[in-house]
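Next come two complexes built around chain A: one with chain B, the other with chain C.
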Partner chain A sequence: MAGIKKMRKGCLLIALLTALLLQSGCAFKDIDKRVFVVGIGIDPSDKVRNGFKVTLKMAKPVGNVKQATAPVYAYISHDSESVAEAIRTMETQVDKVLDLGHNRIIIMHRDLLSKDLDTFMDFFTRRGDVQYIAYVAVAESTAEEAITFEPVTETPASIALYNYFDDTGTESPYVITTFLFEFRREVLGKGINTVMPIIGIDKENNTFKVDKSIILKLGEEPLELNSVETKYLNSLINKASGFSYKVEENDMTLVLNINEVKMKYKIILDEVSPRIDMNIKKVGVIGESDKRLSIKHLQKYDEIVADDVKKKVMELLTTLQKNNVDPFGFGLRYRATRLSRKDIMDEWDRIYPEIEFNVKMDIQLKGTGAVE
Partner chain B sequence: MTEKLAPPLFNSLAEQFKPTNDIIQTSLQLKGHCAFLFYVKSVVDGDKLQQTIIRPFFEMASEEGFASYIQSLPNQTDVPDYKKLLMMLSAGFVLVAIDNRTFLLNIRLVKNNEIQETVMEPTIHGPQKGLSEDVETTINLIRQRYHNSSLKIEKVKKNDVSNRAIVLLYDDDRVDPDVLAKIRAKLEEINTPLLQSAEDLQHFLNQSKLTLFPTTMVTERPDRIIYNLVGGKVVIAIDGSPNVILAPVVFFDFMSSMEDNYHVSLVTGFTIMLRYLGLFTCIFLPSFYVAMTSYNPDILRIELALTVAGSRIGVPYPSFVEVFFMLFFMELLTEASMRLPKAVSATATTVGGLILGTAATEAALTSTIMIIIISAVAISTFVIPINEMSFAMRITRFILLIYTSLFGMVGLLVGFIGIIMFLANKDSLGIPYLRISWKGKSDELRMNNK
Partner chain C sequence: MSRFLFYLIVVNMLTNMVSITPRILIAGSTTGTVLSLLLALVVGMILTYFLINLFSQFPGQGLPEIIKDHVPKGLSAPILLFFSLTWYFAGLSTLVVYSLIIFRFLTPEMSIYTIVLAFVVVVTYGVLMTSSNILYMSEIVLIIVFPFIFFVQLKGYLSSSLNWDYVRVAIMQINHLPSYTSFTSSLFIVIGAANLIIFNRFFTKLKKPSRKGMTILTLTCTFILLTTYFLPIGFGGFEALNNVLYPWIATSDSIRMKFGIIERIVFIFIGAFLALGVISMTMHWHVSLQLLSSVIYFKRFKWKSVNLTLPLFIVFFWAIAMYTTKTITSNGIFQSVQLFDRIILPIIIILLFVCLLAGKKGAQSKWPESKK
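Now for the complex of A and B:
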């Protein structure tokens, strides 16, 4: 009797477990029933007051990636009061599940930067399937245009914008990379200002142009840096190499290829006037010259270059100081290395506009770039 | 002179064997000397019988002389009780009666004593010959590779109907006495009407009725046997089987090939790494596919995600049905090519593997990525050196697949942890199954050496 009972129980258990197999459940969603969002653009809305226009770039799966000739993306956009609402509404516009898990770029309109950034960006930090390693960028014109633009070099299943910002594709000192986690941390944190790349479009060549950047100030007008400033800033903050630099000195023009950058700074307050000592070391070779160069005079070239680069760095630092922005995070360093006090940031805000910069530039050229 | 009569024992034996035709009950007579022979013709070596018994009888002058000659033969044994005698006669012993004395001589004809090629665990280096189906030859092969007086050979008689010899071999100095006692007890407990082979016996040594992972190892390689004997393990050989059982074993024994000892260290390291990668590939890959296509496509690279999504266009069933479907066909193929005669099996693999695979993708029944995964899984299953473990892994794969189909990536992890827990809970004759012994080779061989 007991045996039969046991067997019945076992059979029931097996039947129930088998039945479970048929219930694919809510989490179970096949990959071909999902549509991957590969880019999000946010613009201020024309239709809804104080609203947003959200544009999504979606990748359409193709049977054979190798035979697909044109990029296969679809775009939809929607105006709504909030980003979350817009995306929810767009879910009714596509037949598949919107999967933001593969989205790695969020492009914002420039006008949105002076608004309350943290409220609309909040959606991205809350939604579970948005990855914190997504890049944030600012569009030169509108985010919609930047998102929907398909450059000539874009191939199927490879998103051009991603290649700019991860280091697998192009590596250029002009391209600043800002991740969503950095963005969130720096926007909400004190003592550092976020730098974001500006994505422009070169209509003539049908390509993107990512060479400028913008420095955020929460609630205020952001500061835009031109491409040269961006390059300098990027080389110092992110130690971006491949930094080519032109020096003109006594009718001689040199172009340098810098492949190693080191930067250290120290905030000195216990002397007469507050000062930041910055030591910069750059190692590279001469890439182009309009004169014959001799390896014996390498040291002379080092000095020429150092003088020139130092001037440029000083210009950059004073520009930043004048505009009261701090992408280096001097304030953060100040906060981190002093005893915590109530008004420590106010102190820094008083110090920063008056602080002096003392830049020491050390250029080490390894060669003239040519065989004698 | 009256003719001597055969002893009454002979008649009763003949009675017992009737109506078998191959029993011989005969007498040798010369000038009043007389000897009686009783044997089963088909299991006795005729030439040897002729040379060692019949011819000397006619050359000897007296019955006493012949009797003492017989007694001095090395293959002579005492006459046991009646029941055992019957068994021994049927195994090829010859009963000789001279005067009132009876002798039992071992003149067995063993036809299955040729040494087998290694088929289950072939290696490039190392011995190419395995063991023999005849247990005496097997013992000979082991003894000839291990000249040591501490090698003990212990016969265990089971009273199953076939009356096969079961032999325990161990190195007395190195063996763990607890394990030995356990094995003896286990063998004692076995109560089955028929034992056919080492694999058969192995099932009875396993603790529970429902087993997935083998707790003893069946091997055919003499080098593995010696290695394990030196390591203090017990070898169980059974007559009629070209394989022996090694006990106790741990999981990692199943992942080692004897060839690991014959290569240079880096090559060995590489192959071991390859083997473990193969193991993980074969149990994880199908589940991984399900988890990634249906639950967490975010962990793939975008390029791969789009390719997978693209290749699944038009596939009618959800991913886990697809995987089950393909695994089922793969298992059928494996099974078919194993059972088929060698000449046909190549055709089966080609037809099944190539044509079915291509056709299935053409017909949009599965995605192309699936075919790659299935082939990778099929190949990597065979990287596991011991066959039994690779069979066990074939089933483990399905368990993980069910878990993953139900709970996604989390299910895969939970299932894997479950398997690890199960293995950790298991033991082989008291030795923890998942014991990792961080030992060098020389330490391992010196195990328990007091």
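Now for the complex of A and C:
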């Protein structure tokens, strides 16, 4: 009996081990039969009416990264009536399976923003294999140019565009990061307008330039922010550190490095005029000065800076208000602090253009840097 | 309270986090899900208390043994068959949902038959084990998987991309009366103790629920139930999530592990839940099979010394599972789970209590006689 039992167990073991042979990996398509899309650009089409021109950046598999001296990417583009059709057609142009699962960036043309965004963004969230943590961005000229551009700092087996947004490479308050899931929830929901970075190209230095941003308005012209506004907005909504600020006072020029930002706001309605109380706290050090500084006078510098920064923030807030965009999500907060009603967002739409801002700025300089 | 009892409940809860339930809850987000959640928690905990209490009076007995002597056979057979069918459906819905998830997100090129087969083979092996072995297995899997799931949830809660305002908007819907569908769906999550219907055979020394045990259970249930509903909303937006088929997959895809082994957490997340899904399916089908064989058992249907009744049933299980997974649409499974939660679940609970009380009464009236 024991022998039979042993034999049975042996048979089972062999059967299970044989089953391992069926596991051919990569879901039955080997890696050399796939080509990885690492960037998607969408432009309005010149050839097809109301169509799109989709450009793909693809990583070519190489045997050994060390041997490759230049970046190993291939680019193809196609015009079609919809994004899905264009990608389907491009599948016939490459000999391998297009794998969108590794794509981390989707760049779109600015003209597409005022169109119905659902028509082309739908494809990406519907597919399931496109990452929700992909970045969405807007190209300054055309998406095709932004996707195909290879800056001097791009090394083999790395993608320069990713490094701008993923918080592990360069970190700058000028760079706003928007993920696909944020884009989706904000475009399809109410109460907050999406901010997206603008990717420009610096032809002289042969590099990218990501320092501006654009605020979406559904069905309308988007609002573009210049680099200073972008910096302020980013430091407030994303708590982006590395914020530097220049003060000019009594022929003395200071540059501050702010590395900690805290922002809180409250919407107050019960008094005569509706207002938003905003408390901002910034902590930092002095980074550059053309005079010798005294550590005792830090508090004086605090006040000077606070007044100045407050003015800038107020300007930003009123610009946003005038254009009726709301990247902070004040509307969402309004809705989040009141019991649900049917027309709560209509109420907010009436309140927002007239609301007043009351900014309290608190700057804390911790030191004068490494020298006095 | 025995820790294995705890596993029965927790496995059921966690498995439903990824399946259809969150979608049902989110679909009712503007019509009273929040109050339904709270109500379901209270009712679920009370029901769990009484279920454990009642079952503890029949140590080591499953429902078939409990009602055998006290309910006429003409009545008990259809009741047991009905339970068997419902438990089969519970397992089947898990199988269908997880197969669809794998097909959509992990291996789009694989045949759906292969996916179902891979599941069913493992589950069949599990189903034929004894109740105690299934509980031991669930302990091992939970110990491996639970820390990871908890980590992902924690990562989600601490993520800066999580917009708490959306969660607050969802909470602010508290002024709607609870909806029946949301209530029964959330009740299904917390009512895992109903698996005692067969697994009580394992608990020969089940005690009445202690205060400490119930407190831990309530806290766990509250945490998981609220996370199931609110965390996806924080990531996916309030309105925007309405048309997402698998909110939790989208959520885990939105959580980014910057310095993790892989940045995209969703694959590990799906893997962890697949392990749980297998356990849950094994439990449900084990209950179903045991109930079925307690009613229908062919004593002479034998090959050598092995009775073939159970293998016959399992062949039926396979065939139905294959057919359903192939033909059902994702809306179809949504509708049928909703229907199950709305109509069948209350019947199960009421019937279960009636049976148990009948058994208890029968046992009490019998005691004096047997003592003589």
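Note that in this section the second predicted complex is superposed on the first by the 343 of 372 C-alpha atoms of A that agree within 3 Å, B and C clash if a C-alpha of one lies under 4 Å from a C-alpha of the other, contacts with A are read in each partner's own complex, and residues count from 1 in each chain.
Simple rule for what comes next: contacts are C-beta pairs under 8 Å (C-beta built on N, C-alpha and C of every residue); 3 or more make two chains touch, one makes a residue touch a chain.
All figures in this text were calculated on a predicted structure; none of them were measured in a lab.
After overlaying the two complexes on the shared chain, residue contacts for A:P61 are found with chain B alone; chain C is out of touch. Once the two complexes are overlaid on the shared chain, A:V152 sits clear of chain B and of chain C alike.
In the superposed model, A:S340 makes contact with chain C only, not with chain B.
Once the two complexes are laid over each other on the shared chain, residue contacts for A:L16 go to neither chain B nor chain C. Touch criterion met: A:F181 reaches chain C, while chain B stays clear of it. When the two structures are aligned on the shared chain, A:V272 is found in touch with neither chain B nor chain C. Of the two partner chains placed by the overlay, only chain B lies in contact with A:Y162; chain C stays clear of it.
When the two complexes are overlaid on their common chain A, residue A:D99 makes contact with chain B while staying clear of chain C.
Of the two partner chains placed by the overlay, chain B and chain C both lie in contact with A:K29. Chain A residues in contact with chain B (one complex) as well as with chain C (other complex) are 27-29, 129, 131. Of all residues in chain C, only 30, 104-110, 160-161, 163-166, 168-169, 172-176, 235-241, 250, 253-256, 258-259, 263-264 touch chain A in the complex they form. Taken in their complex, chain B has these residues touching chain A: 292-298, 302-303, 305-315, 318-320, 402, 405-406, 408.
Those residues of chain A lying in contact with chain C across their complex are 27-29, 128-129, 131-133, 166-168, 179, 181-182, 184-191, 238-239, 329, 332-333, 335-340.
Those residues of chain A whose C-beta lies close enough to touch chain B in the complex are 20-21, 24-25, 27-32, 34, 36, 38, 59, 61-65, 99, 101-102, 104, 129, 131, 156-159, 162.
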